[in-house]
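Chain nomenclature is as follows: A, B, C and D, assigned in order of appearance, with residue numbering initiated at 1 for each chain independently.
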Amino acid sequence: MANDTTAVDERPPGRPVRRLENVVVRFAGDSGDGMQLTGDRFTLASAVFGNDLVTFPNFPAEIRAPAGTLAGVSSFQVHFSDYDIHTPGDAPNVLVAMNPAALRANIDDLAPGSTVIVNSDAFEERNLHKAGYETNPLEDGSLEAYQVYPVPMTSLTVEVAKDVGAKPREAERSKNFFALGLVSWMYSRPIEPTVAWNEEKFGKNRTVAESNLAALKAGWNFGETAEVFAARFEVEPAHLAAGEYRSINGNTATAYGIITAGQLAGIPVFLASYPITPASDILHELARHKNFGVRTMQAEDEIAAAGAALGAAFGGHLAVTTTSGPGLDLKSETLGLAVQLEMPLLVVDVQRGGPSTGLPTKTEQADLLAAMFGRHGESPIPVVAARTPGDCFSAVIEAARIAVEHMTPVIFLTDGYLANGSEPWMIPDPEEFEPFPVSFATEPNGPDGSFLPYLRDDRLVRPWGLPGTAGLEHRIGGLEHEDVTGNVSYVPENHDYMIRIRAAKIERIADDIPLVEVEGDPDADILVVGWGSTYGAIKAGLTQAREEGVQSAQVHLRHLNPFPSNLAEVLERYEVVLVPEMNTGQLASLLRSRFLVDARTLSKMQGVPFTAGEIASEVEKLAKERP
Amino acid sequence: MANDTTAVDERPPGRPVRRLENVVVRFAGDSGDGMQLTGDRFTLASAVFGNDLVTFPNFPAEIRAPAGTLAGVSSFQVHFSDYDIHTPGDAPNVLVAMNPAALRANIDDLAPGSTVIVNSDAFEERNLHKAGYETNPLEDGSLEAYQVYPVPMTSLTVEVAKDVGAKPREAERSKNFFALGLVSWMYSRPIEPTVAWNEEKFGKNRTVAESNLAALKAGWNFGETAEVFAARFEVEPAHLAAGEYRSINGNTATAYGIITAGQLAGIPVFLASYPITPASDILHELARHKNFGVRTMQAEDEIAAAGAALGAAFGGHLAVTTTSGPGLDLKSETLGLAVQLEMPLLVVDVQRGGPSTGLPTKTEQADLLAAMFGRHGESPIPVVAARTPGDCFSAVIEAARIAVEHMTPVIFLTDGYLANGSEPWMIPDPEEFEPFPVSFATEPNGPDGSFLPYLRDDRLVRPWGLPGTAGLEHRIGGLEHEDVTGNVSYVPENHDYMIRIRAAKIERIADDIPLVEVEGDPDADILVVGWGSTYGAIKAGLTQAREEGVQSAQVHLRHLNPFPSNLAEVLERYEVVLVPEMNTGQLASLLRSRFLVDARTLSKMQGVPFTAGEIASEVEKLAKERP
Amino acid sequence: MTEATKESTALTRKDFQTDQEVRWCPGCGDYTILASVQNFLVEAGAQPEKTVFISGIGCSSRFPYYMNTYGMHGIHGRAPAIATGLAAARPDLDVWVITGDGDALSIGGNHFIHALRRNVDLKILLFNNQIYGLTKGQYSPTSEEGKVTKSTPFGSIDHPFNPISLALGAEATFVARTLDSDRPHTAEVLRAAHAHRGAAFVEIWQNCNVFNDKAFELVTGKATRDQNQIRLRPGEPLRFGPENEKGIVFTSHGRAEIVVVAEVGQDAIAVHDAHRDDPSLAFSLSRLSSGPYGPTPIGIFRQVERPTYDEQMAQQLAAAQERGGPGDLAALYRTGGTWTVEA
Amino acid sequence: MTEATKESTALTRKDFQTDQEVRWCPGCGDYTILASVQNFLVEAGAQPEKTVFISGIGCSSRFPYYMNTYGMHGIHGRAPAIATGLAAARPDLDVWVITGDGDALSIGGNHFIHALRRNVDLKILLFNNQIYGLTKGQYSPTSEEGKVTKSTPFGSIDHPFNPISLALGAEATFVARTLDSDRPHTAEVLRAAHAHRGAAFVEIWQNCNVFNDKAFELVTGKATRDQNQIRLRPGEPLRFGPENEKGIVFTSHGRAEIVVVAEVGQDAIAVHDAHRDDPSLAFSLSRLSSGPYGPTPIGIFRQVERPTYDEQMAQQLAAAQERGGPGDLAALYRTGGTWTVEA
């Protein structure tokens, strides 16, 4: 929630400026209203201004609903602050609602007293009806609890756009720029970045570019001149570490991470994927970077995608396949083959609401057990998860490193929230990454000049011998085989041995990953264990609880299989272990089984992330329950 | 091991007859030698004689290896006794080896002093070489520890078959009948059933029928007349409960159970499958029983098979799809859809050695976690497992019952050992089964004559409304939907609610299944928990341990999801919980996670079942370790 | 049509509509197809309760939600498999499959070709918009080579399928193409497909105005359609063009070629015959165009009789019951011999 | 062939054999094919290290274990997908796919048709024995209707695929059929397939003497083969028969028909031309038989040039590098704008 501080007005004209620490703004409108774009622009302006920020885009159904309906509402929430933040904010301080449906779908998330800015032009009979309002909420008193500002955005936009020669139907489309201008004024955001971007993007289409610009300025001026708004606000730049930043979402960060991993491994990237929401953008992004030697293939289905990637891995590429839940199901048989072959294969699963088609555009964390166990037979696979949009970058590099260094498929988990959410990302220096160059087998490693594809090193890792290398010809396959030679073997003891050695190889990866670090209060009794995108909410929630006097510590797992080797010992130190997850308790069940610790679950499966408040109140409740 | 009792000879001529309690005979030869047939016939004769018995067929690779090689060895083990037995026997008392490879592949399983009967004709240079023998084991003294009987089976067979007009190459093929005759003589098995069967099967081909018969008799007579064998043995009929019996293997029992379940449910069976070892025989068996109204479809792949079955379920059929591990992987996305639709769908997984293609003809229990968690999203599915070949019959009926009564997919687990192993099965009386007639919705159940496909009853079960029923038209799908109406819904709270209600529905099945029963010593400190085909080995192992003075109790789970409701309480009563599994500890991990009990694992992943001795010695070890 | 259907002719389009909001983009070709199908069902006297729509995933696959019949919105690509099970189990139903070019030809290619060869009694309507609509605009297996989309910023390098050729190569018994915007033609094709016993494959060129607008303009647009639509009319010479001035002949290499009628004479022009057992004629016609890029046959390419999967399955059941009587469990359990243990 | 290959012509068949025991049933047609392929590779001067065999699951799919090259025994039906990835990543390799009628046309149908349409540079050898060998004798998608097998005790009710027609319907650029037992013909076809740039599909009729013995007898057996083999010879009239007395003509409906040459005259007989861009000729020929049940074309049906998937992919990479220079991570990270926070 926005924390008012003293009202300071240092700017000569206009309304008083009040300084805030942080603000949550949500833009909501019809899918066709350009809310994602508006949010993106506002985000960038805030970033450029130097705030820390976290965003949460929230799409409606997959295809466009008829304009004006609840199903068609699209929203974008931006949380910006003058300090380090971790969540997109629990409740918006300001809701911008472009039509009745947007108001209706979002108003319940606001605390009383919050600000609501509506496009009053859109509140006519037809739209009200479509949104399911019997009476006009702007008139029937139902919004009494809020500070409501009706602004005729459409007509004002049409009006100013006339001057640049835009016809009304065309001009209307710029009304989101009006909203952007107005909110920018309210929060003292610079509009220059948006002006520049508009010119770059729409420059060729003068009418569009100019009506956008006119609308943007009109919105700003409306705030400035109309005597409607009591005050404007300011959120100072955050004290982020010095450096060069950009705003990045999880899918882009994942794509950049994959490109970078290829460079660090010294081998070309081969991505084979089948489009699926919310993972498709990784394919789209990688398809654009062929100059990095990145090959991308849109396969006929997820099975083919996994298969093609596996084929490319056999050929010595950094093989990647990206997908979401339903696609993960389909890849399971091929993953089992990769386990049996011991072939590096990076599978990215951007988790979404399930089961089945479920809520395809929403977020969830319910594929962890599928990643762990979703294949017949004993087929352990390392699992790595990212915690923030920017963290997708380094986490996917880590996943790729494990794959090629340990000759194994690896599943990398992100989710819809990370994929589309963004945060400021300090641009890393590529020179500072630790390279992990792959060394392919070049020489026979067996007696009489033979090549032994399953002769292991001390980490139990087999050599990677590439087609094209004379003298290393060999055959691999899904049937059980002898260790060392790889020859098919039906010997009973051999099978037992091979299952154990494959498992041991994965377990030993624990020697090659960092220990977990405990954040928060080291002497607390309560430990909150998380994984994936809940990181920010947990961190903020624990801070909140701390303010209420409840001490707690936090461990956030990047490596879910194998677990870091000090995890057992860390868990032992706490009396209460809580695992907040966007599922029914999947990590908790792994911890319980592995460590016999009574890990408790806090579940939320609503397609939206935890709020800090939800975490805080659960921790406070646990603290109270304790004797 | 065979327990000698006093030698009793009540038959006038020939060798003395010694009475045994139980005997384990293993027939081993080349894939082309007809060992499975020989074992089958010997089994039936023993069954007809009234012994209890358990068999273990063991196939080599999937395709025929060149004759005479180790890879081509096929064997069939029969354990028969005068009392109730549960395993195919730990070590054979008698090994019949038709060639050097068969000897070599099996000899290590025999205890010193055991009997080895070899077809000496096959021990010539070429065969010895193929089997990897440098010298002839019949001559080099390497078999000194055993009682070895070399019998020139091929030449003797060719000799007698000459008389019925068979050419040598043809006649040779009957040599397995010679072996059968000889062993039948040794253990006083009746040969009449085999004579009758031979006539029925080969009657049309006189030469074959007659050379088989001649060889069979020649084998018997060889035992009787050649002064080679010191004694013959007798195993008295077992004290099985009075009734009519047949020998049955798990796949046949599963097929019969499915047909019966259709009758009990009062709906036609629809099976869609894709062939895969070791599950194909269920398809083959069901394809023969179209007069029961059973439809069978060989689909283009496992995905199509699951899909077609789901379509048939929508049409009101008892929908079944049968497969093994790799096929289960492929069905996972469709299973998720069935969870979301809440549609009954019976999936039979005959587990085999994994991961990937693994050991396709061997047994394993490593698909339990895949059955539990092998789908993206929260998609709980009941899991039921059979414990013996005959138990497949009633266990699959139970699985089908749960599916149709609770409107859910169900996974039924057997394995390669159950599938091909056989035991005496008391023919049930179909009148005595409890029917569970399906009642389809016939009337609208909502206001204004509407049909509400997700209006639940007190068990949280939705109605099953069939296409063709006027007035119940409705749409279902994989997207998240409202409860009651089934209309697509993206409302956050609804999704959370639906995940929880689907989970609760599955949990409530616990109210509708029997409690677990503890066998063995109720006051013991050690509890052995098992599931699936380990039942017999555990039971026999605990009996063996008991004879060594170690008390223990046994719980064998038929229902793996949900667990029976008294399981927690039962587990609590014991200090040590041991879970023997043909995997790395899958059930153990579920018990640990669910009940926080320190369940220990005894693993064996060799493609062959546990022996009673392995279980016994682990239990004895645990007993010793305890303070 | 049966008696029962006659009685229910009082139904109107409304009876086939649901109360669910139709959620396609305004202007999408799917709306027109929805209307065509609903109107056709009214005309055909279809009974809503006997009618089932099964779909996969895609914009097109939302179709069943809008039909007040039985319906299932399945998973991506699997509708033909699901529908095969339903049709085989319940030959009394009218089963329709709704699918898209990605759904049927990319992920679902295998089920599609197998349903066709088996001749399962399904009516498969493939809404071909040459793009992935639902996932916001990647190229599909029917997109033209070089297509620039989100997943192919430098142009696609996949040679597309010709859905008609593929279906014919997969032994389809009924193969047709129609256009979303041409309602009378759609109705005509639906009528024939519905009357066909077995798998009827109907490709419908459908405009996705958001991600692939005007893809079919050359063939559907006013200015060019007369030049580019080769209407396939049973028993009639294969002629087309604004003045009917062009025609099709088959060369001595079995190839269909466009000629000017005046140059070769009316008698040289081949006569359309969809009922030929040999699919070569239909196949050659399908090669006249690889998409909406020039003169393109529209209508029924092939329509032949072959026993259907579901009816043969039913026959085997009936025959088995005739032979062996209804199943007797007690006898079944005793197959292969029993023995008795006395008390 | 390149210089490098010329140097290695000293290789013999032994160099392509592994030390693994060949595990097919004695008498299986797979042995002959193995020998043919090994001999062909020797003849072609192939380099073992540049040669890769990828297979699925089935008797046939054990093939890679016996080839002393690189190899992968994959999973059922997925070999074309795996091989596509390898070929696209490594255009320098010679990638062969070994598959069976169940592997390629049942579970693997989708990957099969997509590999063909994409024209990936793969040589796909489909061992068609019209049965599932490895799983011990169920019918396959190429088994004849009515086939009695373990899974169809009352006869199968599936209409089979014609693999040649299916491949042609799927836009294949190279389509041929040969016979396991005819080694010279197999060699000839392998030679052409190997020389083809793009996806080359070769159907090999293979006898499974255990589960489907003599399935191809009518076409391969001494007594009848002269009547039933229609040899496709490029540029030659389509004639066959013990005295070459029969021939093929194309009717005015695009259909291939068998005629007696004496009756129609030599000039009426069509000349074989596998290089026609239009696949209609090849398709019509494929319809002369639906399997080994009468006169059947053997040889190369179609052989045309089209850019390959892997080479186009490589071109796009090269073009992008030319345009944008090699990738620069520091620049990449900065796409879309940055800002600086001062210390």
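We adopt the following convention: a contact is a pair of C-beta atoms (placed from the backbone, for glycine too) under 8 Å apart; a residue touches a chain by one contact, two chains touch by 3 or more.
This is a predicted model, so every value here is computed, not measured.
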item	value
Chain pair showing more contacts of the two, A-C and A-D	A-D
Chain pair among A-C, B-D or A-D whose interface repeats that of B-C, sharing over half of the contact pairs by residue number	A-D
Distance from the mean Cα position of subunit D to that of subunit C, given in whole angstrom	29
Centre distance in Å when subunit B and subunit D are each reduced to the mean of their C-alpha atoms	40
Centroid distance [mean C-alpha coordinates] between subunit D and subunit A, Å	44
Subunit C: positions in contact with at least two other chains	57, 73, 75, 106-107, 109-110, 114, 141, 154, 158, 313, 316, 319-320
Sites on subunit A at which at least two other chains make contact	61, 71, 290, 300-301, 326, 333, 336-337, 341, 356-357, 477-479, 488
Contact set on subunit A toward subunit D in their complex	44, 47-48, 50, 193, 237, 240-247, 256, 259-260, 263, 268, 270, 272, 289-295, 297, 299-301, 303-317, 319, 333-334, 336-337, 341, 427-430, 467-479, 487-488
Touching residues on subunit A, where the partner in the complex is subunit C	61-67, 69, 71, 274-277, 280, 283-284, 287-288, 290, 296, 298, 300-302, 326, 356-357
Contacting residues of subunit A [partner subunit B, same complex]	60-61, 71, 324-326, 328-330, 332-333, 336-337, 339-341, 349, 351, 353-360, 362, 364, 366-367, 369-370, 372-379, 477-480, 488, 490, 492-493, 495-496, 499-500, 503, 583-584, 589-590, 592-594, 596, 598, 603-608
List of subunit C residues in touch with subunit B within their complex	18, 20, 47-50, 52, 54, 57, 64-65, 67-75, 78, 81-90, 92-93, 110-111, 114, 313, 316-317, 319-321, 323-327, 329-330, 332-334, 336-343
Touch list for subunit D against partner subunit C, complex	106-110, 113-114, 117-119, 141, 154-155, 157-162, 165-171, 249-256, 270, 273, 276, 278-281, 283-284, 287, 306-307, 309, 312-313, 316, 319-320
